[in-house]
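Below: the structure, in C-alpha cells.
Chain IDs A, B, C and D follow the sequence of writing; residue 1 opens each chain.
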Amino acid sequence: MSAETAVTPPLARPAPNEDAAPWRRVPLVTVGGVLLLGVLVPILLERLEIGDYLVTLLILFFMQAVVAQSWNLIMGYGGIYSFAQVALFAVGGWTTGVLAHSLGWNPFLSVLFAPVLATAAALLIGLPTLRLRGTYVVLLTLAFHELARVFAINGPRFISGGGYGLVTVATFPLGDAVGAQRNTYLYYLALAVFGLATFVIWRVIHSPLGAAATALRDSETYAVSRGVNQFRVRLILFATSAFFTGLAGGYMTHYEGGISTSVFDLSRLIDLLAMIVIGGWGTFGGPILGAAIVIGLDQVLVGIGDYRALAEGLIVAVIAVFAPRGLWPIIRDAYDRYLGPEPPREAAGDPPAETDDRGGPTGTGVTEGGG
Amino acid sequence: MLEVRGLAAGYAGSEVLHGVDLTVGEGEGVVVLGPNGHGKTTLLRAITGLVSVRAGQVILAGQDITRWRPDVIAAGGLVHIPQGDLLFPDMTVRENLLMGAYSGPTWAERRTRLGRVYRLFPWLEERAGQLARTLSGGERRMLALGRGLMARARIMLIDEPSLGLAPVVTEQIYANIRTIKEGGMSLLLADENANHVAGLADRVYLLEAGLLVREGPAGELLQDEALLESYLG
Amino acid sequence: MTQPGPAGPSPGAVADGGPAHQVPILECAQVSKAYGGLLAVSSLSFAVLPGEVYAIVGPNGAGKTSLFDCISGVSRATGGVIRFRDREIQGLRAHQICRLGLARTFQTTVAFDSQTVLANVLVGSTFGREGENPVLSFNAAAREAALDALALCGLGARQAALAGQLPVLARKRLMLATALATRPSLLLLDEPVGGLNPGERSQMIDLIRDIARTGVTVLMIEHVMKAVLALAQRILVIHHGQEIAQGPPQTVLRDPRVIEVYLGALRPMGPDAEPARA
Amino acid sequence: MHNTQLVQAVWGGVLFGSVYGLMALGLTLAWGAVRLLNLAHGAIFIIGAYAAYWVVSSLHLTILVALPVGVLTAALFAALLHALFIRPVIGKPGFDNATLVATVGLSIAVSAAALLIFNPEYKVVPPVVPGASIVAGVQITNQGLLVIAASLALFAVVYLFLTYTRQGMAIRAVSQQREAASLMSIPVVRTYGVVITISGALAGVAGVLLSPFFFLNPSSGFNPMIQALIVTIFGGLGSVRGALVAGYVLGLFESFVEVYLGVAWALPGVFLLIIVMLIVRPNGLFGVGEVRRL
C-alpha cells in the first residue's frame, strides 16, 4: 500500500501551457492538406512529359526520408550513436527478397516480414549495446554492419546470390498496369509507407516515450533518477526505428526488383548522415527536409559523377561543425516569426549543453564518484 | 602591480560583474569579501581570461592583458589558484607540481623550484608519487598552492582557500598563505569567510551583486561587525 | 516488521524530536562505499523517521554525496543494508528506487536542458510513480502532479522557458519540482542552498519548510549551518565518511568531537560567519 | 607436424597484434588526450599509404624515402583536420557530436578523392624490408618482423613521451583538466593540435608499413578503422598500455581462430569476443570508466 501523500498544495493548480507541453495537437487542416497534396501530385505530374521521372524521384525521396527519420529518432532524439541503420535496411530487403525469390511468396505478403525481422535484428543488437555508453554503441553497430556485409557477400548462395546480392526478385504484382500507371500505384504505396512512418515518429517524439528518450540524451543519470527505465525506453525506440527502416528496405527490394551488396557501401551511410545533419539533428522536420535537399543535390550533381561523394563528405563535415543545428530550425524559426500558426517551441534541435564534459557522447551530465 | 578598471563580465546571457575597479600594489595583500554567488569567482576568472570580458580593462604591471588568452596571462606571471583546486587527478603530486612550472624559462629551473616548494610543504615530498585524486581536502588545497608557487609569479590570485575544508585544516592553509605573503608576493584573495584573513589583508573590498561597494584598510573594515553580518549572511 | 502507518502528515512525528517507537521510513545499517581503495563512506548507520527533516552535516569530501548515490541507486554500496519503507533497496536500480517513492536532487544543478520547464517536470510525474507508465499519452494524473509541483516550487508562470537557459535558483527549483512530481514519500536534498546568496537562501529554506509541511520526509545534506539549524529536527555529523555524532542539533553542536573536527574555531551555536577576532 | 600450426598461429597472432596495436595507437592517443573519436583515422591511414605509393610509383624513389613522406603527409592532413574542424568546437558542448559526424564526413571525402586521383584498382606498396625466411614450415616475412619491432618501439616512445617529457605531461594535463592546464600557461588549443598531428603521423606509419599486407584501394581504410576502434575500446578508452595489450590479445585470438577453426570464423569470432568483453568489463581491460586518462 504505497503511502498516498497527496500533494495538496494550498496554491491553485496552474493551467498547462500548451506551447510548453511535449504533446502537440497538429491542426487537422494541415494534416489533411498535406495528404491531399500527396494524393494529387502524381495526377498533376502526369501531364508533364518528365512527370514519370519526377514520380520515381518522389518515391526515392519517400524511402530515403523514412530511413533518415528513423535514424534521427534514435541518434538525434535518443542520443544513441548507432551505425547499424543501413544493415537493418538490408535485413529488411533480404528478408522479403529471400521469401519472394526463393520461396515464391507474393511480395505483398513477404514485404510485411521485412520490418518484423529488422526489428528482431535490432533487438538482437540492442540487448548488448543499449546498456553501454555512446562510444561502444558506435563500435558494436559498426561491427554489426561489417558482419552483415560479409555474410551477405559470402553467405549461402540463396542469400548472397554469388556475392552480388539478389538480382531477380519479383516486383509488386499490380495486375497488368505498366509504365506510368504502374509507377503511380508504386507512388501511392510509397506514400502510404512514408505517411505511416512519419505519423508514428511524430507521435513517438511527442509522447512520454519521446520525452524520456530526450531526457536520457540530456542527462542519463538525472533521467534514471526520475524513474525512466533507460534500457526499456531505448530498446522500444531502437525497435521502432528498425521497423520502418526494414519496411523501407523491403519496399525498395521489390521496387527495384532486387537488392545488391552495394547497399552496404559507405556512400549510402554518408547520404543518410548528410540528410540528418544538413536537415537538422534531433528535430522532427530535419531529416525530411534533408532527404529532399540531398536527393535534389544528387540530381544536380549527377553530372560530376564521382565528385558527388567528395562534395557530400565535405558538406557534412562543414555543417556538422559550423551549423550544428542544420537548416530546419532556421526555417522553422523564420516560419514562426513571420507566419506564426505553428507553436514557437519544438524540442530545440541544438546539441544538449553537457553540464559535465567528461561524459561519453550521450553525456552523463552528472558527476559520479566521491561526494 | 595589478589594476582593474570598469570590468564588466559574465556568462552567456547574464552579466555578473557590472563595472569593477580594483588595484593590488607591489607585495600588497588584497582581499575581496562577498557573499556566495555575487561574482567573486567571476572577477578572478575574468582577470585570468577564463571568462570573457565585456567592458573595462585589466592591467598587469603596466601591460593591458584584457584580451590575452589564459595561458599567455599565466606565462606573464599572474598565477591563479582556482576555486576547488582543479588538480590533475590521475597525475602524481610531483607531476602536478611540475606542470606549475610549464612555461619556458621556469621549466629549466624546475628542480630548484621543486626543492623550494618541498621545503614549504614538507609532506608534499613524502607523497610525491601519490595520485592527486587520492588526497584529502586539505592536502589537495596545499598541492594547489604548491603548484601555483612553482611558476614565476608576480601576483597570485587565490579563490576561496577555505572552501569545503574543516575549520581546523583551514587554519593551516591560511598560515601557509601568510608565509607566501611574507615572501613578498602580491596577493589577491577572494573569500566568503572574513575571520581568517585578518593577518593577510592590507586592504579589503566588499563585493555585492557584482559591484564593489566598500573599499578600505583591513583593520577598519574587519572590525565593523554590522557590515560583515549584513554581507556574509 | 509491519508496514509502517501512512507516512501522511502525522502531526505527532514532526513536532518533537522524533518519538522512539516510530518505525523509520529509511534505515541505513553499516553502509559503506569504496572508490578503488578510497573509502568514501565507511559503515554509516542511521535512521530517518517519517515526516521529519533529517540533515547530514560535514565538510566537502566527507562522503555525503556518495551516500546519496548509494541510497538513490545511482551507484551501488559496497557494504551494508539500506531499507526504505521496510524493503531492502541497495540492490535496486535508480529508476526502480524512484518509483518506490524516493526522489533526490543533485549537488550540481542538473536539468533536461533542451526541454521546457513543463516537459522536465512531466518526465518526473509520468515515470516517477509506481504502476504502468504510459507510452503514448500523458495521462491526467501525470499532468496534474506536474502542475502541482510547479505551483509549489513557484514555477507555474515559467512553463515555456527552456531549462538550459534558467538562472541558478530557478534551475534548483525546477530540480526540486521534478522530484516532487514523482510524489515521493522521502525526498533527498543534496546541498539545497549551495551556491545561493543570502536572499535566495532564505527563499529556498522557506520552500523546503513548505514541502516538509505537506508530509514529505526530508533527508538533507548541507554544510551551511544556518539552513541546517532552521530546518532539521535531527542531524548526523560525518567526517571522512565516518559518523562523529547524531541527534538534535542543539545537543550535537555541543559535542566536543564535533567542535574539534568540524567547527574548529567557530563558537558552537554561533551564526555561520563569526565576527572577526582581533 | 601440428607444431607448424602452432607456430603459424603464434606468428600470425603476434603479427596481427602488432598490426592492430600500430593502428590503434594513434586513435587511443587522440581519444585519451582530447576525447576525440577520430573516425577519419582510417582515412589518414590510406593518405599515408597513397603518399608512399605515389613517391614510389611516380617519383620512382625507394620506399625508404616514401616512408617519411607518407608519414609527413598523414601528419599534415591531421593538422589540417585539427585547424579546420576541431579547433572551432574545442570546449563547446556539442564537441562530441560535431567531431564524430565531421570525421565520418571527411573519411568519405578522402576515399572519394582517392578514387578520383588513384582510380579504384588495387595498388601495391612495396615492403620496406623485402624477403622472408621459413621457420618450422611457416613463412616469416621480414616486413612482418619490422612491423612488430616498429609497433613495440612506437608504443615505448609514445609511453615515455607522455610520462616524462614536458609536452607529454602537458598533453595529459589538458586531458584531465583543460581549464587548470591553461592556468598553468599550457596553450590548450596548440596542445590539441600537437596530439592530433602525432596521432595522424602514427596512422601514417601504420598506413605505409601495413599496406604491403593488404592491397591498397580507396576504401581500404574502413577495415583498419574498425579494428583500431575494437582494440582501443577493448584496451580501455584512451589507455596506451591497454591498446598494446588488447592488440595482442585480439591478434592472438583471431590468429588461433583462423588457424584452428578456419578463416570464415575470424570476424564473427572477434565480434562475439567484443560483446562478451563489453558485458563483462564494459570499461575495457585498463579502462576505469568512460573517462580513462592516459
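As a working rule, a residue touches a chain if its C-beta (ideal position, glycine included) is under 8 Å from a C-beta of that chain, and two chains touch if they have at least 3 such contacts.
In this text, all values refer to a predicted model and were calculated from it rather than measured experimentally.
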{"item": "Contact-graph separation of chain A and chain C, given in steps at minimum", "value": "1"}
{"item": "Most contacted chain pair (by C-beta pair count)", "value": "A-C"}
{"item": "Whole-Å gap between the CA centroids of chain B and chain D", "value": "43"}
{"item": "Distance between the centres, which are taken as Cα means, of chain B and chain A, whole angstrom", "value": "52"}
{"item": "Where chain A and chain D are represented by their mean Cα positions, the distance between them in whole Å", "value": "32"}
{"item": "Residues of chain C touching at least two other chains", "value": "38, 60-61"}
{"item": "Multi-partner residues of chain A (at least 2 other chains)", "value": "350, 352-353, 368"}
{"item": "Chain contact topology (line, ring, star, complete or other)", "value": "ring"}
{"item": "All touching chain pairs, where touch follows the definition stated at the start", "value": "A-C, A-D, B-C, B-D"}
{"item": "In the complex, chain B residues that touch chain C", "value": "13-14, 35-38, 133-134, 136-137, 163-168, 170-171, 192-195, 198, 209, 222-223, 225, 228-229, 232-233"}
{"item": "Footprint of chain D on chain B - complex, ascending", "value": "48, 50, 69-72, 74-75, 79-80, 82, 86-91, 95, 98-100, 102-103, 107, 147, 151"}
{"item": "Chain C-facing residues of chain A, complex", "value": "1-9, 11-17, 19-23, 203, 207-209, 211-212, 214-215, 217-219, 221-230, 236, 282, 345, 347-348, 350, 352-353, 355-356, 365-371"}
{"item": "Residues of chain D touching chain A in the complex", "value": "31, 35, 37, 39, 85, 88-89, 91, 93-113, 115-116, 219, 222-223, 226, 229-230, 233, 237, 264, 267-268, 271, 274-275, 278-279, 282, 289-291"}
{"item": "Contact set on chain A toward chain D in their complex", "value": "81, 128-129, 131-136, 138-140, 142-144, 146-147, 150, 154, 265-267, 269-270, 273-274, 277, 281, 306-310, 312-318, 320-322, 324, 350-354, 357-361, 363-364, 368"}
